[in-house]
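The same chain A turns up in both complexes below, where it pairs with chain B and then with chain C.
Moving on, here comes the complex of A and B:
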């Protein structure tokens, strides 16, 4: 508002003697519209559209990073090779396992935390902050800390023996490594879900609950028949964001792989992302890696489509 | 009935406290461990045994150059935020308040690009950067990231809510449409601009995939990449690594506590209400 009230002060300045064609250009929707979107468009074409098209193009080529000019068109060879590679199916399976474990848990946890901290109590703000902070810390930092905590013989691994887990170094054990990555993802992502759920909870009209109370509905019945249905669009958002991010997990796996191949130990945490990264960037096999990327892209599109169909609002 | 209510309240508190304990524990552990010696890791050592040697070592070890990494991170994050503060609101304003041929297409581009994971283009970006000699430069870490379609979308949503009368009044007073953006509308957008800066700050500061791919020379490491390599090099020295975790996380935590309110609002409004 202050800027608006100050406008009188600026009149003289803005009426400085610019040529009139420049002035009318600066007042034209078309000229300003294109000028204002130009920086974005240039960067987008240069660093998004062009590489995006290349990802598809390269996927039909036999091309290595060291001999980019010797690219040869080989049709669907890369795809056939990937689809005959058992390691690729293993990677897809791991990606799916990660999402299937982590997404429901983080969604429920986020909802639980939101409901808990939405009620008036002492230290409400502190609890919210404590739950949210993992989300804004770097994945590498969180993974590093958890690697120290889940080493054989620490109080954490000893605690988990109570639930039937063995006292081993989790990220170095082929049975536990993927679960370890899921825990990392849940730990960081549920704070985000909590915040989104909180804003959803605050938008539910108060009188719905008052009406429920008048009808003698118990707290649980109110939650089941008022809160949950009202949160359906929020849940859709939380689940789709978490699913997309779950498929893109990379940092945590790179951190636990240390000097080994991505997806260590012994490929137990290899995912579609580490698969294409390993081939495309580490082995510098550009064509093969690009084909894997394109498959990754279609998997994500397919999942998004399924979610829209199953979970989305049917209007 | 009264006893029942008391009981639920107590249960509520117990659950919150337990959850908070689980979430707080890794942070407490990190902070504590960063101040003890290697002999005292995973043991409770009294105050007299505490030391700041881990922090000193993290900064002065000959094997790597933490001050340089810190500087790299600050430059990368700073440039990305400055670019974001100019390019995104400009595009958002054009899409919200100006009528021109191609506008619908550009808006469609913004929305469609938002849905594509960055990994989709990482390999060609890496190759193109290698070809123009950008690998291990600040250009690689900043230029492609000066805009973000999510932020353009956010800014557009905000500018739509600004009444057209503001622009019309400014034009009556002699400002052009372009002038009314910079002088009237842009200052009004303080709150979404702060939100955007915070999101860009966290996203850039914490990023690992992109800097570890495009700047893999130890001299050009950013903090997060450097932290990961220190962790690998000195894996047995838990206190040293924990000091590194604290130091690389501290700036983002300070930033968070300064702008907590906008941060949380930005998160919840960037998605669903848009």
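Moving on, here comes the complex of A and C:
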């Protein structure tokens, strides 16, 4: 007890020796909050805000990637040119198609897998690991394996003929290439959705289910009226992240376009990101590419806003 | 004079002769530079894409460069593929981390020269003791734009046409084809089961060989929709329509060499790199290399690799010296064994002795020409590939004339 009092006395003494402004700073929750946020904030400004501000500025310039000092201000010309380019609309359409196909499927599959591995069963850990592996495996490696599987004459392409598809090399066919990328994306992202849903499932209080059982609710009713509503914030997170990643997909497309033009075959897999990369980096027209990025940013913001409105927690 | 004294004098004279001989020539065909070891050591980096065999040759050369230039250290940076190289390089230039000099082919160089990213070498040649007379004039000329020299030539080789000799024999075909009409006829006989007569890679290099053999070309963007080019594309379309041609992509392969090595196509256009590749991929493949078949004229592309100093190289003179060192006889002879025809005149004469499988292509050295892509090379290549893929893989109904007219409009 005496030692405790001594210690407190020492702390008080040390505090009283500090300047008053430091004392008030340490007592302020707001200041401490900012202090803890500072490392993230610095990185965010350095890695996101500053590059984005640069991109925004460059989007009004005619400037080559390799001669950044020779920039000419051209106003909205880059934006006008992009909005008059049919390839941009094609890229936006492909990005939207990919997100519309892949996001609902991978969200549903992720939820299904999470419910399955949340059951008490033998080998639960193995299933969780197996389902999660594609997410942590190199995207190029997974794409390469998928390219081997979806070659003309393989059992996979032959299997899909049962559903009316032709036995062709999927990633070389303009009709199937985007679907191929979507399947690939779903396969890789399911594991992530599963893990997030799994953590969500484990947060749902048991007593809700017990109350449901006492009221005679069936398994489906419990899932429909307890599990799904409880997972709403998780679903918003999964859908938002999947949408962002779907819009940003690049590695898989670059891998299937190897030895050809990006977005191959014939632009069937071109997306907003490949459009930006092609113009900004490959053709070295960083002003034009930056304008595409700014437009892309607002498209994603708008879609996230809609998602928040429909799926987000009203509270 | 005592026996001991005579021996000492003999040893000294021998040593003197040896030193004099070494001073004149290092055995690499490049005169030795003054070995001023008091100067500060300069480090230069060379970037290239190529095989592991190429890397080994470059690493050996880098290890021996100090024999010739004691104040020079050479570092080698290998890029995984040509696509990566061309895509990464602009970013490296912008960030100021690009190599000091690079080895590139003439296929993509014009765009970079046009954008001022390479150093004109004319004023550096004399102070760096570079002897341009060692190189074939035709090789050096490829690297001149507006009378300014941009590259120290490394190799020059015409494009080729490859035939699987065993398949040809099995099909009971006689003389090898000299024209595309003969190729088309042979392709019909060679196509069976899962083997195609010919693989035509939808890639600007291969397409350019077809257009040049019809007397066409891109004319740096001025003649994209010429009648000759239309005729060449029509031949390609015909072979696809008849089902005797296949793209590597449609079979799930990356490039034409893979299709050919795996016996999925009996013929293809290609280049000198096939030798090294086939040696690893299918050592038992019996093939013949011929000049690109005639459409209406003898024509094809001339591939020329050169060492090019980047505009932001920290020490341009040191970079040029190192680049020139890589053209020494020893290094060039190593490349010669891999199928590279040296741009050094004295070595080029030995090329077809060392590579008898390419002997038939020798005559194409006289008529093969540069690519002459438009200044916006990458954009042009992407557009050409995209439109051809749409027509061949996507089944659009555009005629060759419409297709080329559309591209021409974008590159007026």
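What we mean here is this: the second predicted complex is superposed on the first by the 261 of 315 C-alpha atoms of A that agree within 3 Å, B and C clash if a C-alpha of one lies under 4 Å from a C-alpha of the other, contacts with A are read in each partner's own complex, and residues count from 1 in each chain.
The rule is short, and it goes like this: contacts are C-beta pairs under 8 Å (C-beta built on N, C-alpha and C of every residue); 3 or more make two chains touch, one makes a residue touch a chain.
No experiment lies behind these values; they were computed from the predicted model shown.
Visitor: Regarding the shared-chain residue A:152, is it in contact with chain B (first), chain C (second), both, or neither?
Guide: second
Visitor: May I ask you to decide whether A:65 touches chain B, chain C, both, or neither, giving the answer as first, second, both or neither?
Guide: both
Visitor: Please work out whether A:104 is in contact with chain B alone, chain C alone, both, or neither, and reply first, second, both or neither.
Guide: neither
Visitor: Quick check on the superposed pair: does A:266 touch chain B, chain C, both, or neither? Answer first, second, both or neither.
Guide: After superposing on A, A:266 lies in contact with chain C but is clear of chain B.
Visitor: As a test of reading the superposition: which chain, chain B or chain C, is in touch with more residues of chain A?
Guide: The partner making contact with more of chain A's residues is B.
Visitor: Answer with first, second, both or neither: which of chain B and chain C does A:75 touch in the superposed model?
Guide: After superposing on A, A:75 lies clear of both chain B and chain C.
Visitor: When the two structures are overlaid on chain A, which partner does A:41 contact: first (chain B), second (chain C), both, or neither?
Guide: first
Visitor: Which of the two partners, first being chain B and second being chain C, lies in contact with A:117: first, second, both, or neither?
Guide: first
Visitor: For A:205, using the defined touch cut-off, is the partner it touches chain B, chain C, both, or neither? Pick first, second, both or neither.
Guide: Neither partner.
Visitor: Is A:281 touching the first partner chain B, the second partner chain C, both, or neither of them?
Guide: A:281 sits against chain B and chain C alike.
Visitor: Which parts of chain A are in contact with chain B and also with chain C?
Guide: After superposing on chain A, chain A residues 65, 68, 147-148, 153, 258-259, 281 contact both chain B and chain C.
Visitor: Across the complex, what residues on chain A touch chain C?
Guide: 64-68, 147-148, 150-153, 168-169, 171-174, 258-268, 278, 281-284
Visitor: Per the contact definition, I'd like the list of chain B residues that touch chain A in the complex.
Guide: My answer: residues 8, 12-13, 15-16, 19-20, 23-24, 26-27, 29-30, 33, 42, 86-88, 90-91, 93-95, 98-103, 106, 109, 113, 115-117, 119-128, 130-131, 143-144, 146-147, 152, 166, 169-171, 173-179, 181, 183-184, 187-188, 202, 205-206, 208-209, 212-213, 224-225, 227-228, 231-232, 235, 238, 241-242, 244-245, 248-249, 252-253, 256, 260, 263-264, 267-269, 271-273.
Visitor: With touch defined as at the start, can you tell me which chain A residues reach chain B in the complex?
Guide: 1-4, 7-8, 10-11, 14-15, 23, 26-30, 32-37, 39-41, 43-44, 46-48, 50-52, 54-55, 58, 65, 68, 112-113, 116-117, 119, 121, 126-127, 129-134, 136-142, 144-149, 153-155, 187, 192, 195-196, 198-200, 219, 233-234, 237, 241, 244, 247-248, 250-251, 254-255, 258-259, 273, 276-277, 280-281, 286, 289-290, 293, 296-297, 300, 304
Visitor: For a test of understanding, state which residues of chain C touch chain A in their complex under the given definition.
Guide: 81, 83, 86-87, 90-91, 93-94, 115-117, 194, 201-203, 247-252, 254-255, 376, 378-379, 381-383, 385-387, 389-390, 393-396
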